[in-house]
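Each of the next two complexes has chain A plus one other chain: chain B in the first, chain C in the second.
This part shows the complex of A and B:
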């Protein structure tokens, strides 16, 4: 039963991610991206990662997709220009992707890939202690993975500062007067008698 | 559930993102969205293997990928807006300042 649910949502994810890159209108493209992330969150729920599913919805649908929509609507792009060169690059891309996929599926089907039998942080043992997914994630995130967690926090701070610095531009005609210019004013040059 | 099930899903999504970078030469926004799709496929792989191998580390690293994806989207869109302000187009072909 779970497997059929998984196949169904897999089909929807693949279909909607196809539509993300092939739809000509960028707004529709962003909306299909949101739909893809919703279905990916459901697949995360099937994999029993409840916290990550909800985080995916909050971070992607709540922040990133809204940012994309905001930029798309702000830029005002004409649709006819966007699809130029589509057929020119499509066969080459298809060729590269088919090579990539054939290589990967040869690896998946071979017997030489060995997966480890036992996990490092076993989910079942943690669950038996009476902790849910979010609690167990927090337990390891704040202890074993603390330094990586701090670095990711700094990365977000850096991204915020970088975005502000990039988007901030100097104002051409400011209403306020610069103190240096004000101090250097000479009486003879500025007062004129007609 | 065997490993091949979610591996097919994640490789398909990755390949679609890869194709999106090739096909959309006139639209940087769609290329950024394709990169998001590729990061999502990495996330699906991590969470799937975390479920399969009964290991919580995959979910933790998936969280870090989420952080990186959010930072990348913010910086990329900021660069895109200033680029559009200067050239009033979002085509890849106009990005040739470095003459590369």
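This part shows the complex of A and C:
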């Protein structure tokens, strides 16, 4: 049963990701992108990776795709501009895709790739206790990886400070005049004749 | 508490961040002096526990004398730069309380960097440090050069991050762990090291070379040094260089110490190209900041040379060279910060001409520091170069030593040309008289230090030897 669900949703993912490229309207294409993300999240859920599924929804659908949508709507690109470079870039894209495909086949067919089973990641032990993966990830992140988590927090704080420092400007001489000054304008003082 | 210094600095930073909006007048000065106090407290707590050796946080970080010593140098140089920032008249756009705060947060990143004992923690702390530096470089918003330098630095830095991550992922895929001791153990157990591991190391080495601006990964350095506000250039040419160099030493000596045959050649190539480009590139420069960028590349090449044998003596020599390099660099940048004509900062070499007539004392101090950079005996730069060359000759790398001597002769040309212009050229337009007494005093101190290091080298040798010993204790 799970297998049929998996094939069904993978089919939708592939179909909608093709549509992302081939649909002519950019807004529709972003909407199909969101649809792809949703179905990918469902595939994660089928494999009991609910944390990844929710992260995908929150981060990609909630933030990135909405940002794309804003950009697409604000730029207002005409359809002809998008279609322009298609034939020119198609061979190069095809080359990249085929290289990627060959690499994938090579990885899964070779016996040289090692997937470390009981390496450094102690998360396997926690997962084997029968907890769901969000809980075990949380347990893991706030104990063993606590210091990395803290430093990442500092990184985010710094990003915020940086954004404010670089974007905020306190203009000393604004062009607008305060209402009080406007009201107090006097005909005799405002006109200067030298 | 083993990581007390980091805790003091982090919590102090957060406190300063909270109080900074409530100070109305001259808030950058207030926050700047408090940051200096904070840095002083942190130094005190490091000195208290300098001989501790312990792994903390599940082996993510390691506290040892090598790391503590580097932290101390980083904090001292950053403290000096902050002090310059407070005493020198800066561009108006730099007078904001965020400036010392961003310096502080980059210091937190650097302190974690030099004690990182895991590729993951190393990556996060390098990011913390570099992100702060991107912000500092593009701090001066009205100045287009500063924004341009910021974008360039950011692009190169992101590239470096990608390369680092790719290298670490290769190593992780092979070893199954990012822990330094596990990597080291894997290499001891393995009869012959797989090629992938060496490729991973090469990627990490390239990424770190981008950060310390070792040629052929130096392209961004002159542009960023020239475009950034001078006080920021003074900062990025001192503290981060020490931190990244510390990371490089720790990585190469401990987890990858087994494959010294492989990385030795790479470091030799990096060192040779850096020395050649650093010495030849600077000859045609007319801007002091640009010239200092090439000078940094040259010095980095010299220091990398000491790493090639991978011995304790080499690390000792590098540590001493790092200290001496900091004093020379800070001295020159303090002078550049004070170079003004009609209240406007100038950075051309031509502006130095005839300085001797207006400012004899400052001219003398600058000349001493420049001679020291060129490696003229008996000044400090000579001591550093001598120690490194000694190590290289001891390990029978005569070709490298010869090349180093030749390139430093070439490099001496442009330092001495500056000295000639200070003493013998007729001034076209005179610079403003230096009225800043604190800067004068500091310049005299720097040049005095450069003059007298030769009298007590044993102090530095003993200090650095004990530090290098602690690094090799892991093996």
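To be clear about the criterion, the second predicted complex is superposed on the first by the 124 of 194 C-alpha atoms of A that agree within 3 Å, B and C clash if a C-alpha of one lies under 4 Å from a C-alpha of the other, contacts with A are read in each partner's own complex, and residues count from 1 in each chain.
By definition in this document, contacts are C-beta pairs under 8 Å (C-beta built on N, C-alpha and C of every residue); 3 or more make two chains touch, one makes a residue touch a chain.
Because the structure is a prediction, the values reported are computed rather than measured.
*Asks:* For A:48, decide between first (touching chain B), second (touching chain C), both and neither.
*Replies:* Only chain B is touched by A:48; chain C is not.
*Asks:* Once chain A of both complexes is superposed, is A:148 in touch with chain B (first), chain C (second), both, or neither?
*Replies:* After superposing on A, A:148 lies in contact with both chain B and chain C.
*Asks:* Should A:159 be classified as contacting the first partner (chain B), the second (chain C), both, or neither?
*Replies:* Both chain B and chain C are touched by A:159.
*Asks:* Considering only touches as defined above, state whether A:31 meets chain B (first), chain C (second), both or neither.
*Replies:* In the superposition, A:31 contacts neither chain B nor chain C.
*Asks:* Have a look and say if chain B or chain C is in touch with more residues of chain A.
*Replies:* With both complexes superposed on chain A, more residues of chain A are touched by B.
*Asks:* Pick out the shared contact residues on chain A: the ones touching chain B in one complex and chain C in the other.
*Replies:* Residues 116, 119-120, 148, 152, 155, 158-159, 162, 166, 169 of chain A touch both chain B and chain C.
*Asks:* Quick check: in the complex, which residue numbers of chain A touch chain C?
*Replies:* Going by the criterion above, the answer is residues 113-114, 116, 119-120, 144, 146-148, 151-152, 154-155, 157-159, 161-162, 164-166, 169.
*Asks:* What residues of chain A sit close enough to touch chain B in their complex?
*Replies:* Per the stated touch rule, the residues are 2-3, 6, 10, 13-14, 17-18, 20-22, 26, 29-30, 33, 36-37, 40, 43-44, 47-49, 51-52, 55-56, 59-60, 63-64, 67-68, 71-72, 74-75, 77, 81-86, 88-90, 92-94, 96-97, 100-101, 104-105, 108, 115-116, 118-124, 126, 133, 136-137, 140-141, 145, 148, 152, 155-156, 158-160, 162-163, 166-167, 169.
*Asks:* Quick check: in the complex, which residue numbers of chain C touch chain A?
*Replies:* So the residues of chain C touching chain A come out as 10, 17, 57-58, 60-61, 96, 98, 101-102, 105, 108-109, 112, 120-121, 124-125, 127-128, 131-132, 134-135, 138-139, 141, 173-179, 182.
*Asks:* Quick one: in the complex, what on chain B touches chain A?
*Replies:* Residues in contact with chain A: 1, 3-9, 11-13, 15-27, 29-30, 32-34, 36-37, 40, 43-44, 47-48, 50-57, 59-60, 62-64, 66-75, 77-82, 84-85, 89-91.
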